[in-house]
Each structure stands twice: as C-alpha cells, then as structure tokens.
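Listed next: structures, encoded as structure tokens.
Next come two complexes, and both contain chain A; in the first it sits with chain B, in the second with chain C.
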Partner chain A sequence: MARRTGAVTGPVAAGGVVVLILAALLAVMSRADWPVTLGTADWAVLRFTVWQAFLSAFFSVLFAIPVARALARRRFPGRGALVTLLGAPFILPVIVAVLGILAVFGRAGWVSEVLGMFGVAPLSIYGVQGVVLAHVFFNMPLATRLILQGWQAVPAEQFRLVGQLGLPPPMVFRIVEWPILRQVAPGAFALVFVICLTSFAVALTLGGGPRATTIELAIYQAFRFDFDLGRAAVLSLLQLVVAGGAAVIALWVLPPLALQAGRDRVRRRWDAPAPWVDAAWIGVAAAFLLLPLLAVTISGAIGLWQMPLSVLTAAWTSAWVAAVSTFVLLIMALPISAWLAQARWGGGETLTLLGLAASPLMIGTGWFILIYPFAAPVRFALPVTALVNAMMALPFAVRILLPPMRQVFNNYGRLSAGLGLRGISLWRVVLMPRLRPQIGFAAGLGAAMSVGDLGVVALFADPEVATLPLQMYRLMGSYRTEAASGAALVLVALAFGMFWICDAWGRRHVAG
Partner chain B sequence: MRGDADMLRVEQLRIVQGDFALSADFELPRGRRVAVIGPSGAGKSTLLNALGGYIDIASGRIDVDGEDVTAAPPDQRGIAMLFQDGNLFPHMTLAQNVGLGIRPTLKMTEAETAQIRDALHQVGLEDFADRKPGDVSGGQQSRAALARVLVQAKPLLLLDEPFAALGPALRTEMLDLNSQVACDAGATVMVITHTPEDAVRAADDLIFVEAGHVHPPRPVSEMLAHPPEALRAYLGR
Partner chain C sequence: MKYLMFSAAVLCASAAWAETPVLKVYTYDSFVSDWGPGPAVEAAFEEVCACDLELIGAGDGAALLARIKLEGARSEADVVLGLDTNLVAAAKETGLFTTHAVEADYTLPVAWTDDTFAPYDWGYFAFVHNAQMDAPANFRELADSDLKIAIQDPRSSTPGLGLLMWVKAAYGDQAPEIWDGLSDNVLTVTKGWSESYGLFLDGEADMVLSYTTSPAYHLIAEQDATKAAAAFEEGHYMQVEVAGKLAATDQPDLADQFLSFMVSEAFQSIIPTTNWMYPAVTPAGGLPDGFDTLITPAKSLLKSPEEAAAARDEALTEWRDALAQ
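Take a look at the complex of A and B:
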C-alpha cells in the first residue's frame, strides 16, 4: 500500500517537540547538583503546589456541579450566551483576569467596600485564597462544561420516562444524574488539578512569599532573583516529576475533552423543581465570571488615556509573537494530527494530555542554559516564547483536529487514494478545505493563548523587551493600576480579536 | 493495452480479516461486464476493495491488463472504483470533482477543461458544472461520479453498489449509463448487485460470492438457468 500522508512529517513534527523538551531537560539535569536533594524551602513549595491545586480542583468541581445542573435542566433567555461565556476563560489572558479579580475581591475592591459599609474588615486576597480564587475563576467554567456535556449525553428517553413516572428531583439525581456525575466529576477534578500544578502567572501575581509559592514560581524566583541555575534545575526536575506523574495518573480518569460542548440542544425536562435554586446558582456563577471582566472594562476605559507608549510597542510585539507561535503551532499540529488520525492505535488524544503537564518554565530554563554559553539569551526571548507558547497550545490543537481528521480519512480516504491524492495535493484539495473550521478554531485558540501568556517571557526578558502581558505586569508592579487596566483592555481586545479573526476565517465558506 | 491477455487475473488471492477469510482465483476477459452477487457478509465488498488496493491481502497475485499490480497504490493499478458513498468531495464543484480524475493538482490545460466539459455533457450534467454535490440530487451525484470515471480512463472499473441508495428506476438508468460509459471507454466492469434483474441488465457474466469463496465468472444466463446449490438458496428458488 502507498505511504500515508503525514507518515513522515507527523513523526518528524512530534519528534521535534520531543527533542525540544528533551534538550531542555538534559540541559537542566546537567546543571543540577547530583544527587538531587530537596531543602526545607523546596518541600514547602512542593506542599503548597499540591495543596493549592487540590483546593482549586475541589472548589472548581464543587461549584461547577450545581451550575451545570441548572444549565442542564433550564431553558432561559441568555443560556446560549452564558454557555459561550464558559468558554471565554480559555482565551482570556490570565493577567487580565487577575486584575479583574483584584478589582472585585481585592483589599480596595468592590466586595471589600461593601463589607466596609457594615464595619467588616476588607478582604485579604494575597496568598492561597487568592491563588485558589483565580484558579476557580478559570477552571470552574471548564469543569461546568465537562459535567454539562456528560448530562447532555443522557438520552432524552430517560427524561421522558422520568417525567412519565413523576420522579421527584432527589430520585432523578440518584438514578439519572449521579451515575453520570460519578463518571465525569473525577475526570474534571483531575484535569483542573493537573492544570493548576503548573500554574505560574496566578501565583506570580496573587501568591508569592514563602507560604504561597508554586514550583513554577519558585523556578522563576531562583532564576530571576538569585540566578541560581542549580536550584532552578532541581525545581524543574521536581516540577517534571510532580506534574508528569499527576498527568499520567489523570489519564486514567479523564473524560473526552470537547471544547465546544454544551451549546447545542437543551433537553425538555419534566423533573425540575421550582426554579429559584437554579436561578440563584446561575446568577452567582454569572456574577462571579462577569464582575471581574466588568471591573477591568470600567477602569480600563479610564486607563486607556493614561497608558504609556510602551504598551502599544508591547502590543505590537505580542501580536507578532502570537502570529509566529500560531504558525509554528499549525506546522506541528496538522501533520501530527494527520499521522495520528490514520494510526490504528486510537490513543493519540490521550497522549496529547501529557503535554498539559509540561512546564513552560522548565523548558524555558533549559533553553536559557543551552543558549547562555553562546549568546545573550535575552536576544532569544521572543523566539523561545513563541516556540514554547506553540508547544503549550499543541495538546489543545491536536485534540481539536484529530476527531474531524479521522472522520475525513474515514469518509474520503479511499476516494483520495484512488485519485492519487497524497502529500501536498491531499492537504490542498481535501484536508485543508474539509478541516477549515477546526483549523481556524485551533489557530484562534493558539493565538489567544500565546498573546495572553505570561510565562517564559518573564524568565528571559530584560527591560527593553516585553510582551503586552509582561508590560501589564510591570505596570501593576509599579502600582499604576489604571494604566495597567488600559493595557488589559488592549490585551483583551488583542486576544479576542486574534481568536475571532482565525475562527471567522475558519467558518467562512464552510464546506458543504 | 497488451493484445489478448485477460484484463484481470486473480491468482490464489487470500484476504484475512479477523475471523473472516476470503479466497479467489479467476480471470476476467477484456471488455466483459461482470455482476458480483451474493449474500451480505459473503465478501463482495472485501473482494473489490482488495482488487482496488484499499485493503491488504494475505497472499496471492493480482494482474490488471497484463501487469502485476499486487503491491501498487490504488491510483496506479489501472482501476477506477466507485464506492457506496463518498464518491465526491462535498466542498468542490462537480467540474472540480471530475477534474480530479485527470490530475490531482487541479491545474488544467484548456484541452483538459474541454475534456471535463465533454464528460459532464456525456452524463447530462453540462449545466451543473459549477454546482456542489450538496446542491444536486442523488442521481446527479452518481452521474458526476461516472463522469469522473470517464476522464480517469482506467481499463478496469469496479462498482461497489454506488447506486444502492437510488430508487429502482433511477438505479436501472444509472446502470445503463454506466454500461454505455464503460462501452465507450472500452473498459471492463465489475459491479456488485443484489438482484438478478440488475445482473441480467448490466452484465455479461456473473461472479457468485458465498461465505468467503469467490466462484469464477460464468455467463449470466447460464448461471441463472442452472444455478449452483448455494446460488439457488440465495435467490430463494
């Protein structure tokens, strides 16, 4: 039989990713003192990392259950918009959300002000509570979508039967909802847990100090403040073991991850009780997600006029870093997906989840060590950022592309082979046109994630070079909150704008 | 073309798929139209897919037009095949779909564009060149697929029930059109069918496939007049 399309380029792209990570790992290992020992501070960092990830996953899932239940059994105006909003944290830059959370829950935030009217002391957000709060902001929507997706997969017949028998809500929960929840919730918990293990930007802005430092943040501090490459190396290895180990364990319980789930039909339900409980949950969730965004928008509109010119320079830098990153992402994701889609072994999606556990700062540290002897790493800050961002988005992109790719090969594989379509022709004539919506969506997601990323760039950059999130962080650090809010508004516009351009490109001329 | 050789020669062919095994050994003279008939699950589609190069074979040899194509990729076996569905790309116009049969890059010379037009004309679709498959009827989709087979100009044509979803009248019409197209092109045809009437109408010979065994072709009239035991059971006589 003929060689399959992507049979060479797929493994080459995947191998490239592995080589980039392995090179970083080897560089890191060469700098660590053997045998590796962990000091008291390292143990504290490890404990905090696992503890905050546990709390974040726990509260995200706990909050998600009633919200998903309400969304699953209610039809109301604005439901579609709310479900779409649940997808927004995927492309919302972390630093922007942090700014919004500070404006609502911070010491001088809205909630503290209201509490002050009743003589209650203002909230203290820095520390574990702030880190967990921000993680719940980002991951509760994800958990909600996963659980909602599970409940929406229940056949309509079951609910008709429930209605016919007149079962009360507790019974419905026991015989219909609980069995699904038991399958989905552990997976959602595991996914959030793994994501939070490698949290950096949230810990950088809301954590810090000896009692609220994640491993990822500790790598950054060892690197930036002490330039202690040995300690950064040890911490990187620790990160690899912890996040990698957790991801491997999580693979067993993870539900399939559909990014656009929950938007379609709502089942007619006969078992829903009086609506006020559901309405309350939906109201709380909407407020929790919308108020921080609203706060950023209001102060950003004022701050737009106080932005230094450096914000616009940084915005331009971010835009092209994201563009390069998206290009690299597609170069890797398309052949890898084509290769996996034709493989007899169907575990490709699962494997990509290992990528979620990859630590950008570990990879960044490794590449800094590799570049350092030969050139000033600062000069490579932006290329390395673009590359690492692409690798971070790769698991999502492959996850988006793989199922439809598999379907195209199923439906049109023989026809294409019979016509001699292979290689470039196959991409041009069949795969690109058929997968255009998914390619656009994946590219948009990659662009938005890259443009909003505050990670490796913080490690490498000097005062001359900055992406917009880094510039925003610097403004926040010098207490220029309004200018930072203005920058946040620009950043949000950039992230959603780039997402929208890619996604709209994908959806235009959708194939018949 | 190589003179008097058989168009298709299948020697000691064996296909194994899990518990299922299929064996075949037969020849097909040039220019014959052969109906392949047999119960579902007997291996009709498997046989055609193996000949087309779409599934791996365990052992044996396949010659098309005197050339050993056992290991050749699907587009280099001298075979054009129509499947039960998915014969056209939905995102391309009918003209583009036909054009793919000439060259996969779709960069056509003027002569080739004319060739596409002729092929569409021959199947009665000259006015539908710029439509996409989703905008035309099932019968018209089948015609477009036949137009592509026409420009592919392969000496052997395999049909895996491409007209099964059409109504009886339309199916008959398409079988006739197919016979005519094949006759014009001088192609040899193997067509899977379920009804003896279709076989009588569209074929000279009959291959009966039963439980993984492929009976060599014999003239349709002879087979239907004196059916072997298993075929009699299948036909319900």
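Take a look at the complex of A and C:
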C-alpha cells in the first residue's frame, strides 16, 4: 500500500511544534533557581484566570445564541456583508481593540456621555467586568459563527414540518433547536474558554488592579521584573496544563469551523416571532461590535496627519513578518491536517492546541537562551516572531482545514490512489483546488493575528526593525497619543487588508 | 561565482568596519525612538569618539535589567543606560557591572556618591491632572476625594515601583493605611507608563502617575498649557536614571569616554526636551523655556538603593493586599 500523504510530514510538523515549546520550557528551567514555591497570591491568580475565562465564555455564548438564531432565520439586504463584518473583532489587534472599547464603554466614553445627559453615573468598566466585556467583544463573533453553522445544519424540511403542524414556539425550540444547541454550544463555550485563559493585554489595561492578574501576566512579571526564571517556568507549565487540559476537553465537544457559515441558505421559518425581536438582537450585536471599530476609525483619521513616516516602515515590517508567518503556518497546517484527516486516531489535533496554551513570552525567552550561545538573538527576531505567531494561529487553521480535508480524502482518496497521485501532484491536482477557500480563510486569519501581535517581539526587539504594534506602543510612550491613534488605524487597515487578500484569493476560485 | 564575489564583498565591508570600534549601549525603548534622545546623542557622540555608537532598545527599564541578567557575562553590551535607583541594588548584585570614574558637578537635589552607576537625568514623580481641576495637596486628601487615578504596576514598571517607594518614604509604617484609602481611587493599574498616560489623555482618569516634568512636554511641544502636576506636601519621590559599565566589556576605554560624555554639556542639553526629565548637570544655558513653570517640590524624597531593595517586598505585599480587596 502506498504511503499516505502527510504520513511523514504531518507528524514531523506536529512534532516540531511540541519540540519548539518543550525546548523553550526546558531552556528556561535549566537557568532557574530551584526549588520554586507558589504562594497564595499565585493561586489567587489561577483562580482569577479560570473565573474570568469561564465568565467570558459563558456570556459570549449566551449573547451569541439569540444573535445566531436571528441571523439564521432572517433574510434582509446586506445580510451577508453584516455577517462578514461581525466577524471583524476576532481579527482586530488587541492593543487597538482596547482603545476602541474604552472610547465607547469607558468612563469618558460614548455610552457614559449619553448616560450623563440623563444624570446617570458613568459606566465602570475597570475590573473583572471590563475584562469580560472585552473578551465577549472578541469572541462573541466566533461563538456566533459556530452556532450559526449548527443552526444551518438543520434541514429546512424540519422547520417546514413544525410550521405545518403549527407547534408553538417553545415546543419548536425543544424539539428542533435545543438538540442543535446542545451539540454546538458546549464546543463554542470550550473554545472561547481556552482562548480567554491565556489572555494578557486585555487584563492589563481593563483589569483594574492586582486582583485581575492572569497567569500570562504573572509570567510576564516573573520574566521582566523579578527575572525569576523558575517561577516563570512553573507558571508556564501551570498554564500549559490548565489551558491544555481545557483544550483537550474542548476538542471533544468542538464543532468544526466552517467558512461558509451564514453566507447563504437562510432557513425559512414559519414559527418566527415578530421581526422586531430578531432585528433588536441583530442591532444590539452590530452596535456592540461595530461602535468600537468606528471609534478607532474616527480618532485614527484625526491622528493620521500627525503620524511620522516611520509608522509606514513599521507597517511594511509587520506585513513582511505576517507574510512569512502565514507561509510557515500553511507549511505546518496543511501536512498536519492531511495526516489527521486520514488518521484513525483524532487525538493528534490536541498537539496543535499547545500553541494556544503556551506562553509566547516563555517561548521567546527560552529560544533567546538557546540561540544566545551561538549567535546574536536579535538577528533572529523576525524569524522567531513569525514562528511563534504561526504557532498561535495553528489550532485555528487546523480546525478550518480538517473537515473539508476529510471529505476530500473520502471522496477522492481511492481515485487518486488508483491514479497513482502522491506527494506534490496529489496536492496540486486534488487537494489544493478543492481546499482553496479554506486555505485562503486560514491564511487570512493567521496573517491578521500575526499583524496584531505585540507579545514576543518585545524581548527580541531590534530597534532598527520595529513592527507596527511596537511602533504604536513607542508613540504612546513618547506622549504622542494622537499619532498613536493614527498608527492604530493603519494597524487595523493592515490586519483587515491582509485577511481580505488571503480570503479573496481563496474565494476567487470558487466564483470562477 | 556570483556568490563568491558577494561573500568577498561582505568580508571586505566587515573588515573595513572592524577598524571603527563599536560601542554597544543597552537602553530602554523610548530612549532610542525617533522622538527620544537617542538619535541626537548618537550623532553628538560619534562626532567626538571616532567610533560607532549602537543604542539598543531592550524594552522598559525593568526589562533592561532582565535582558542583562539573561545574557550574563557574555553580553555584547558595553554600557547599560536607563536603570533607576530602585533597580541599582539588584543590578549590583549580579556582579556584572564595574566601577566608573565619572566626575561631574551634579545639580541633583541629593548628593550622588555611587561608584558603579552615574546619573544622567532625574525627575520627581507626581500626579498629573488638567490644570482647571482643584488638585489634592497630599495623599490623604487624594484618598478622601472621589478622583480616579491611573497608576502603573510596580511589578512591571519603574514609575509604579516609584509610587510604592514614595508612599513608603513619606508614611513609613502608615503606608498600608494610605493604600487602603487610595484603593477606591485607583481606576486601573497598567503594565507601563504609556497605557496609564493614554487613559489620562483620553479623559478616563482624572489624574495619572507621571512626572512633574510631564506638563513641560505639552507646553513646549504642543503649546498646550492645560496640564499641571499636583504638588504634594509630603514631598515628592525622585527617580534618578543612571548608567553603568559592564565588567566584561571589550571596549573599556570607549565605555568610560561615553560615561564622561554622558554628563557633559552636549549630552545633557539634549535631555530636557527629548526625555522630558531634568538633566543631571544643568547645561550652561539653563533649562529650556517652559521648565520654569513647573512645580518645585518642597521636599525631595529618595531611598538609597539598599533601602529601596530592602523595602520592596514588604511594600509590594502591602500594596497588593490593599488593592486586592
């Protein structure tokens, strides 16, 4: 029997991810002073981390359900565009999104100003509520997408049937919708939970004080101020175990991430309530997700005039890093997906989730220690950044690629084998043309995530080649807040632009 | 063949470079940015040293020390510029730094005698606010008010740690009580100075922990006189920023030359309007116009590096306990 495609490259790529993380962890541990003891403050950090992730996941899903339901059963002009736009927060750079959220929900934000007109006290966003609000902002679109997909998997006939039978809405919910929700909602919950576990930048600004410290933030402090490598290593391990454990559970219950969700196939419903209920949910979601974007755009447009030219150089660097990172992402994700798609054992996917659970700062520091005896780590700043960014996007890419890959192997596997198609030619003739939309979508996601990342660059930073988020941060650090808003807008444009290019590349083929 | 020619060209180029000695200075990010003192300092020093000065940004002040510890004795750095007195004890403990021979008539409000680190600028920590607001005159008034302040995390930011030392230096054993009172005034604690200052400029916070010199930036660079620093009766804690020579440097003479240059007129006159701090030696021409409008604290507070190091853990615990409730 011919060797399967990806049977070697797949495990090698997945193994590479594991080695990359473990080598970094071991390097950090090798330089640590032992033993390390975790105090009560550290357990408080763990508790807060899990608690805020739980709340964030809970509210993201709770809010996503009625929105997905409304989107699933309504047809209106611009619906497709709205669904796409509602996905925007997920690829919005965190550093920018926090500015937008504050401009809308902060003490001096739009909502507080409106409340002030009626003599109501301004919103208090700082604290766990702010962290959760920001997380819902980022992840509710993802949850909506997953749930919407589930809804659309219900055959139209079912809704027609319950319509003919004239069942009351509660009954329809119990018979048709509840089973779907029970299938998709836990998966969406689990994914958002894992993403929020490793949150860093959000907790930093909106947390309100030391009680809102996440594990990732504690790792940062251990590295930066105390330079306590032992503590950093133990905390990183703790994060790997907690987030990794949650990720394993998530995978069990996770629906695949499909790309066409909500673009077509509106389920005609005979049982729908008055349209204003659905319109209200969609309106609230759109306002919640799009107003911060609008705020960033407005303040950015003003700041554009003050922006120094170096921002454009930095944008070029970021685009470059994102391109390399996307390339690395695909090199890892494609063989891994091909391997997993044909494997009987599905557990391999958990390996990719390590990328999400590992602290980027730990990986950065570990590789700094490893590279240092041989070469100047600064020279590896961009490759390391690109690699770490690719790893963080890997679980999403595999999630997107795996289901259609399975289908292609089911449909064309025997035929290709019969024709003797293997290796490169199998990719070129069979896989690539059929997976092009998913590859484009995964690449776009990876590119956007890479553009917005500030994490690991800070340690390796080379003053000559700053990435855009770093340059924006530097502007803020030199009192130039307005210019920084301009840079933020450029950052948003770059992230969306790169996503759009990749996604459009994938779609062009489908259209043609 | 082409490749060979390319390699040869690279070799020749590096040989030509090797004749010019290179001095590597690790510093914080905002020092090397286009708007910081870096570019002007580099040009001025290269004019007199016949060398190549490389200023390498390594994050903020605390990250700078972490980077040196990470690299250890094999570090390529010759000089580290940008630690403050609260980090000096930890820096000396590494044993990576050696003594300097810098002599200058410092215009610091306190005497400077450290033989490992030489100061290049300094400032007072202060809460900055909008000028039309009635600012509190001390920590107790601030605690009693319903003003919201943005401060920095002492576990990741040098001003954040400075505030801890400020409260400790002014109130000693009563520090926990002060923090208790302040806990409902603290809007949020940010990772670094930039985020807090951004919150203040966006109107989120009424006051922000910064420096008495911050209003000078707005006045001089933006012709905006609407920002002021609140003068506190307890006195203001100082931040003295210092530089030191690494023991393992391969350019000891050049490093000494740089440290002497650092306290000279050419370097010191760049500081006020790029780093927005007071120069360690006031230039002959005095301070730039606008600096005369700044508040002058009645009392300067500063713990010695040893005292600061000794007080740190306790102060940190008090701070965390008060704010974690």
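Convention: the second predicted complex is superposed on the first by the 395 of 512 C-alpha atoms of A that agree within 3 Å, B and C clash if a C-alpha of one lies under 4 Å from a C-alpha of the other, contacts with A are read in each partner's own complex, and residues count from 1 in each chain.
By definition in this document, a contact is a pair of C-beta atoms (placed from the backbone, for glycine too) under 8 Å apart; a residue touches a chain by one contact, two chains touch by 3 or more.
Not measured: the values here are computed from a predicted model.
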| item | value |
| --- | --- |
| Chain B versus chain C as contact partner of A:Pro308, first or second or both or neither | second |
| Partner chain(s) touched by A:Trp43 [first = chain B, second = chain C, both, neither] | neither |
| First (chain B), second (chain C), both or neither touched by A:Phe227 | second |
| Touched partner set for A:Gly418, first chain B, second chain C, both or neither | first |
| First (chain B), second (chain C), both or neither touched by A:Trp252 | neither |
| First (chain B), second (chain C), both or neither touched by A:Val430 | first |
| Touching partner for A:Trp320 - first (chain B), second (chain C), both, neither | neither |
| Between chain B and chain C, more extensive residue contact with chain A | C |
| Which of chain B and chain C A:Arg211 touches, first, second, both or neither | second |
| Chain A residues contacted in one complex by chain B, in the other by chain C | none |
| Chain A-touching residues of chain B, taken from the complex the two chains share | 49, 52-54, 56, 73-76, 79-81, 83, 86-87, 89-92, 100-101, 104-106, 132-135, 152 |
| Chain B-facing residues of chain A, complex | 1-2, 411-412, 414-415, 417-421, 425, 428-430, 433-434, 511-512 |
| Complex contact set, residues of chain A against chain C | 41, 44, 99, 102-103, 106-108, 126, 204-211, 217, 220-221, 223-227, 308, 310, 365, 368-369, 372-373, 376, 378, 458-459, 461, 463, 473-481, 484 |
| For the chain C and chain A complex, residues of the former touching the latter | 29-30, 32-36, 55-59, 62-63, 65-67, 69-71, 74, 76, 148, 153, 155-156, 183, 186-195, 197-199, 201-205, 214, 217-218, 221, 276, 319-320, 323-325 |
